[in-house]
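Note that the chains take the letters A, B and C in the order they are written out, and that residue 1 is the start of every chain.
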Amino acid sequence: MARIRLEDVGFTYPGADAATLAPLAMDISHGEAFSLLGASGAGKTTLLNLLSGILQPTQGRIYFDDVDVTGLPGRERHLAQVFQFPVLYQSMTVGENLAFPLTTRGSNRRRADIDARVKAVAEELNIEGILNRPANGISLFEKQLVAIGRALVRADVSMVLLDEPLTAVEPSVKWRLRQTLKQAQKDLGVTMVYVTHDQTEALTFAERVAVLADGDILQTGSPEDVYRNPAHEFVGHFLGSPGMNFLPVAELPETLQQNVRRQGDPERLGFRPESAKLTAAGTFDLTGVVRSRRVLGTQQGDVISMYGLQCGAHSVFVRSSAAQAVGDSVSIDLRHWVGFRDGIRVGRHGAE
Amino acid sequence: MLPSLTLIACTGFAVLSVERVCLDGNEAAAFDHAFTPGEMTVVLGGNLSGKTNLCRLLAGLPTQACGEVSYNAQPLTHLPPQRRSVAVVFQAFVNYPNWTVAQNIASPMIAQGLARDEQEQKTRTLAQTLGIGDFLDRNPDELSGGQQQRLAIARALAQQADVLVLDEPLVNLDYKLREALIVELKALLSKTQATVIYTSSDPRDAFALGDQVLLLEQNRKLQAGTPLQVYQHPANLAAAHLMSDPGVNRLPLIKQDDGATCRAVRPEHIRLGSEPPPSADTELNIDMRVDSVERSGDETFLHGTVFDPQYPGATEHWVVRRPGMHSVDVGQVLALYVRHDDILTLVED
Amino acid sequence: MAQNKVKDNRAWIGVLPVLLIVAFSGVIPLMTVVNYSVQDILDFNTRFFVGLEWYRETLADPRFVDAFLRQIGFSAAVLLVEIPLGIVIARGMPTDGLRASLLLVLLATPLLIPWNVVGTIWQIYARPDIGLLGVALNELGIAFNYTSEPLHAWLTLLAMDIWHWTSLVALLAFAGLTSVPAACYQAAELDGASKWQVFRFVELPRLKGVLVIAVLLRLMDSFMIYTEPFVLTGGGPGNTTTFLSQYLATMAVGQFDLGPAAAFSVIYFLFILLFSWLFYTSVMRNEDES
């Protein structure tokens, strides 16, 4: 296992005008479960390829445990990778697939040691029952488990890169694979970097999440932190469904505006649909008109809805159990908000 | 509004209905359904539920489904697709690749023989509404996936058909884009007076888009009604499952005497012992060993095994869905509470 | 209940041309040959039914058996060289850029040359008196003469076929290789696989499909080879390079023995079918097991 450190690493494709990846720093601890979260085109794949040695950074250095690996090809970085679709040696059995990385590199491992290690990994992933099956004859779910097993089998691996590993897995069983991965990460203490565009996968898997947009890391933090206290407006927008609501501070009612300005004088105020409460008009300064209502289900017998509200010239979403009809005027009580200036967080307010 | 539709609106309700439909050609599962005119019906069903077959039947495309289709009491069944006033948007982005965006949108109007300036006018309006007004001269392959699907929707709307069929149109898009398009689609389609049929496998789409919902499973009609009706009073276990994300949880071994019914609870109706209790204390207490914790940001999903102390060995896999971020350790045993009112007694079918 | 299929029999009109072509080019000639093969034809108006007489006669004919064995030897030799050589060439090809396009054109060139021209090219090229290859070999001290030495004739024929057809195998294998996902190579690289292991475990399993096609094409084609040896060696020296098709042509066109020639044709046809079937099923059975 290793600590992975990126110092000022940037990448520009030859002949391209703009950098695909802005010079960025990243520090992944030894044995950490780390996620890279971003939409398509954010630079996830480029960063992944820099880590795995397919691409060389056009600037900056990459360190694995204080060893400069910037110029080294992937096989000399001793890393393993799990791909979007299960990559198996299709003419081998499951067991042979798992053992393969131990038999290469001119290693002089003893057969018994290899078998013991394969067995241990198979037990961790609950696939010891299919070791003798041909790799072609198992389900997609099992195939991806085997691919993960092959990445975990070498004890000397510096880190495991996971590139959207659940893409091919059926939605209803994704959580199982995710749990297995998480458990294996914990049990084996492997440094894992999980690249995904799916917030549930990133927030579920990782101890720390880095949110990537336009070739730059906007925020790195615990799942709670990136969700509740986004450091950048994009992070607030990207996480959550629907994402964070934004209102210009200058258009807020006077008293609220004064309150908000005390926290770092933000330009824009962001709040999540669930961190506001709807009450009858007149109770609070911030008001809006109900434009749409979408039922989400019931909670303790009450119908929960996602209301689309018109606040001045802006529309926001608020999740509420209050029964309001389209056209009603309502007050909005903000329980938790984050203030932004130039897209960057400058202040926040509100308890859990 | 659209001329042909106003006409219909004046002459009363033109109902699109299907009779004796068997989606897989099996007559035992035949059903009738009348789609509410001018409203949007979300046809909800999983893989192989027959929803695509239903779409193809309505559009008159070759399918193994059989049955009678009528619109405004006129039978459509033996009319070829081009003579039905039915527009279709498919899951894959289907556009004419060598025509520009403008030509694509105008294509149905050319076929209808509209005047040239009227065509251009409408093309521009439609493109603007769908947010592709700036790309009129581009070819479809120069657009992003979301824009290509908007184009397909614009082309379908340009037909001014009485019936608009959308077969999982957003399933191939990123979730952020899907989120935005659903809001736009709802606003756009509520303005037309066409009868809209939208298929999906996601109950959230049913709530977000549907005035009505029709549940299909294995080519059978399970239930129909407004989304909230179906959600609150599912006809049977399968209907409850389909209209629940994730599916409903069955109570372990507390079965009714006849064995044909079971009791179940929705994932969002389970309260954690650590949360503040509700005012009423008419609750059922049950313990769950947590197997996995999933967090999407605004919600936490706890997967676990629930057991009944009276019948050790009788276990069920449950999912609990709670708003907010909860930190729970895997392996921990949690006390869960369910209001008796939230327990669904369902026919197992 | 009525199926919701639009009943439209006009589709048959679309299929009709193909039916006619297949009938006139395949079914009718084949049936004619089968018909001839059970008759003794003295002239077009005088025919006798002879049953399986011609079949018995053909199978007992030592010249047929010799030609048949030669044919098997030729096909086996050609396959053993062309398939591995084709794979090696395909693996060495660059995957994109101008060089790749140029090489692809270069590779395809032999395939574009008419078969009789191929024969003529090699007939001249290998001539010991004026041919570049023949003269060069003789200069090197090898008494090369394919018109008198059976071994030399065989080697020239093999060289010609390999020159002519290896490109096809290479092109097919190249197409197969381009479909190997990049992730598979990357995974093997990270697993520390050697070059041989990459070929054996990553590429070969995915090449199987196209290689089956390549082997079938080359098997059928080489088994029916006629034009090139006819031009190059004329079946000689002696009968040492007379393959089945040439012997058949001699019978049918040279001696006008239509009945025996027809029986020969049917046997020949069945053998090709049998070999192809045996090969295909044995390969595909392994596929099911794995």
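FYI, contacts are C-beta pairs under 8 Å (C-beta built on N, C-alpha and C of every residue); 3 or more make two chains touch, one makes a residue touch a chain.
Computed from a predicted model, the values in this text were never measured in an experiment.
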Count the touching C-beta pairs: is A-B or A-C ahead?
-> A-B
Hey, which chain ends up farthest from chain A, C-alpha centres compared?
-> C
Cα centroid separation, chain A vs chain C, in Å, comes to 56
So how far apart, in whole Å, are chain A and chain B when each is placed at the average of its C-alpha atoms?
-> 27
So which stretches of chain B touch two or more other chains?
-> none
Along chain C, where are the residues that touch chain A in the complex?
-> 181, 183-184, 186-187, 189-194, 197, 201-202, 204-206, 289-290
Touch list for chain B against partner chain A, complex = 174-176, 179, 183, 186-187, 204, 207-208, 227-228, 231-232, 246, 266, 268-269, 271, 278, 291-298, 301, 303, 323-325, 327, 330, 339, 341-342
Of all residues in chain A, those that touch chain C in their complex = 52, 54, 73-75, 79-81, 83-85, 87, 89-92, 100-101, 104-105, 134, 136-137, 147, 150
What part of chain A is in contact with chain B in the complex they form?
-> 39-40, 172, 175-176, 178-179, 182-183, 197-200, 203-204, 223-224, 227-228, 238-243, 272-274, 292, 294-301, 303, 308, 319
